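Below you will find the structure I want to go over with you.
The letters A, B and C name the chains in turn, as written, and every chain counts its residues from 1.
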Amino acid sequence: MEHTIPVERLTAPWERMTNENVLLRFVDTLLRGCGQVMFQNNPLTGLLFLIGIFVNSALLGLAGVIGLVVSTLTAMVLKADNNAIRAGLFGFNGILTGIGLAFFLKWNPTLPVYIILAGILSSIVMMSLVNVLGSRDVPALTAPFVLSAWIFLFAVFLFSHLQSTQAIQPALLKPSAAVQTALRPLPTSLVGAGITPLNLVEAFFRGIGEVFFQDNLLTGLIFLVAILVNSRISALFAALGSLVGMLTSLFLLGGDGHWVYHGLYGFNAVLSAIAVGGVFYVLTWPSAIYALFCALIATVLMASISVFLSPLGMPALTAPFVVSAWLFILPRNGFLALRSVTLGEVTNPERIRRAYREQALAH
Amino acid sequence: MEHTIPVERLTAPWERMTNENVLLRFVDTLLRGCGQVMFQNNPLTGLLFLIGIFVNSALLGLAGVIGLVVSTLTAMVLKADNNAIRAGLFGFNGILTGIGLAFFLKWNPTLPVYIILAGILSSIVMMSLVNVLGSRDVPALTAPFVLSAWIFLFAVFLFSHLQSTQAIQPALLKPSAAVQTALRPLPTSLVGAGITPLNLVEAFFRGIGEVFFQDNLLTGLIFLVAILVNSRISALFAALGSLVGMLTSLFLLGGDGHWVYHGLYGFNAVLSAIAVGGVFYVLTWPSAIYALFCALIATVLMASISVFLSPLGMPALTAPFVVSAWLFILPRNGFLALRSVTLGEVTNPERIRRAYREQALAH
Amino acid sequence: MEHTIPVERLTAPWERMTNENVLLRFVDTLLRGCGQVMFQNNPLTGLLFLIGIFVNSALLGLAGVIGLVVSTLTAMVLKADNNAIRAGLFGFNGILTGIGLAFFLKWNPTLPVYIILAGILSSIVMMSLVNVLGSRDVPALTAPFVLSAWIFLFAVFLFSHLQSTQAIQPALLKPSAAVQTALRPLPTSLVGAGITPLNLVEAFFRGIGEVFFQDNLLTGLIFLVAILVNSRISALFAALGSLVGMLTSLFLLGGDGHWVYHGLYGFNAVLSAIAVGGVFYVLTWPSAIYALFCALIATVLMASISVFLSPLGMPALTAPFVVSAWLFILPRNGFLALRSVTLGEVTNPERIRRAYREQALAH
């Protein structure tokens, strides 16, 4: 496919360098781990993701890099499969775990230790899930991040050496409480509220940025470009996923407009749309619609899981994505209208589609 | 077996008609889906179930039919296995999802859309669970309904376009709070309370009716007749299950008498008793006792899961049945005192028993 | 290995007697069931565990024996695999279930019935998990106890015939609430508080005693001797596990000093350290470190799961051990730095290590 040539021209010299230098190979592994958060096994995508994060917050970026390095090193020390390590499959949960803990906990001398411990755990959980799910051709997705981060976040109520930020607020549920649906940047004020083009654009890009907890328009835009570098199909579904999350919560179901503005109904839908739209199913019209319905379910699950955790005040993280994507990936070839992709065949959506077409022609 | 002949005489012409007419075949599929809620792959049983529901509430019946149609169509559009669709295996979760959402949420323009989305999801979850559990010969039971309905019910706290009914009441748990055990129709009054024959009969039949959320003596009676049309063994265990649920909660453990009266300790025990008593194990004396103990555990689980969900005010639905039946079906042939039935062999309890006896004679 | 000879001299005559007498064989089965709580398939270890329990509380001991007998008899009546029964694999969850219910519920005429029902359930859950996990060479651990006890404990809020003790206190979570970290015996007083040698010794041994809910220094000491009778490696890791739990919670994370004193951060770490340190992985330097990290994660999980259950006021039981050990056992040979042990090869750590070395020499 023509569109991949410019990127390959850019990355070819880098690939040669990584073959010769151990340190550069390790950097390449880290960057791929960063890219794998959105299923892009591409160091350039990973680098752009990192830039997008640091544009918004150097502190969150630092926490992410700690988690990324620790989780990758853990897999290397314990001698996991080298191809999996090189593809960044032990890094993507680590970077999310690092950012997640730094987002919900206050910085103090214990926090870096906590991030390191959780980062190590994320790679052990990853290997557990690879063993449990791999034989069924089901990917672990970001479940190792969700589990590791939840384990360490829940515990902080009982540990005095760690303090949660304002983002963690246990609350009693009240069925009669009104949900404030006006699309707006501030939680309690209506300044700047309304279905304006600017507000919709903010919501759209922040939905992509929030995949890495980055509540920032520019970061969301950089992320979208980063995906585009590796796959036009994934970039399209990232955008469609953010749209589905935004439109479903805003117009169909009437979610909190403050959440919508900050992309909180978007990021899980983004991930579900990318995963089901072209990565774990060959992209066809039926699988495209199936992927967008999965993004819609991820949006509903964002509310469900948040409600479930509200007595603890804990965040849903990317659990809505993991649950919805598992539910939509598990049927595999049980639905003959869809053509599923085995884990060994997963590359990027364009190549998967091409391989499938060539195979179909050969018959 | 002689008792099946009259029913077969009734259904034989219908079967011929369904072979010739696409629309009648679809209606037959829907009716079987309705019957499968209690493991009865029989359109007449399904029709009587529907009548029983409409006798109590046309609105709940309508919601159920929407869910039934949507979930069945989803499986057809996605091209699931045709035999499974025809046996009603994609409809039974859909009808329960429809009724469940309409029972716990107020009717408004968004509710039908919500039911349709949840109905589609229920068939996708069904296929997921069939893939996960099928290789172990473990049935999905009503887990797709429970998961789909929970996902959509939990979310309503955060969606202004949907409102919950009075049945959803988040509450703080108090260990010292007294449980009011008098058997009675009204929650706070003692009018008509006491262990009277009428109250016991009410509790018994409502326990069967509540399988479909139908809090109605007559509906429970119609349901029992509906099961009897297809299987005397299943009807017996439905009745025994309701008895176990009622007697355990009322006399042994001291449950809320208002819950007992309205069959809330009965319906999960009914389903567990039918499933373990003759469907997934060959009916013998040991498996009969095992089934009744499973019904007792379902009764305890009704309390456990309700307590677990009480901070959210969310209903246990048929999760107590799913959990107890899975725990009792999973041992399979690990207990040599029991003879388990593979999923491919599951028909109705009488035929399973006959096939097992013939096989035993042949050896 | 020389150290096992004295023990074998002690147990050899007993083994002969159990071969000849049905009743003694049953007693032997019960004692092995008791020993299996800490992975020691040894009747003498089990006897010493029982003595340790009765030293602290005859009533808890009685409840444990009821659970032990009932769960073992259930497996015999249902005809589970005889070798598994004889190895005590159906007893260890029963004894924990009995003690657990008696610890958190008040004695009354219904409690023994409740313990019997939960004890029966524990053996059915055990067989379920053996079927689900066994094919992956993953042990059920104490999950059948945790599930059975939770099912019966959660339910008591809704059953008037059972009352919970003061140990069950539902509470709202407050992120700002201060955690009192001083190491001390009494919850609200600072009498005797501080990092004193006596307090540390108390915490260390109570951490081992709490595996069976025994909050007692002497009992913890007897337990350690009981393990030593069967395996020096397991005794070492029990001690290391208790240390990891105590030191991590006390110094690294700042847990409640009252919890630390009473061993509540110790017992899950003890079990995780024994399981991963020499039982399910061959003991090597890498697996030793891996086991201690697993014990640390069990300590964090004690806080996480307690927080998760705090709106219900329910105890974490040994769920922190089960979750952490599963996460660390599931990677199996996915990490080439570790050498996992299949379920069929599990004996005691010394024998596993010797067999592995002989195998390595043969190559």
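Heads up, the rule we're going with is that a residue touches a chain if its C-beta (ideal position, glycine included) is under 8 Å from a C-beta of that chain, and two chains touch if they have at least 3 such contacts.
Please read all numbers here as calculations on a predicted model, not as lab measurements.
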Using the contact definition from the top, classify how the chains connect: line, ring, star, complete or other. complete
A CA-based fit of subunit B to subunit C gives a rotation angle in degrees, as a multiple of 5, equal to 120
Averaged over CA atoms, how far is the centre of subunit A from the centre of subunit C? Could you give it in whole Å? 37
Give me the residue numbers in subunit C that touch at least two other chains, ranges are fine. 172, 311
Write out the stretch or stretches of subunit C touching subunit A in their complex. 136, 172-175, 177-179, 181, 249, 252-256, 286, 290, 293, 296-297, 300-301, 303-308, 310-311, 326-328, 330-332, 334-338
Help me check something: in the complex, which residues belonging to subunit A touch subunit C? 77-81, 110, 113, 117, 120-121, 124-125, 127-132, 147, 150-155, 157-164, 168-170, 172, 311-313
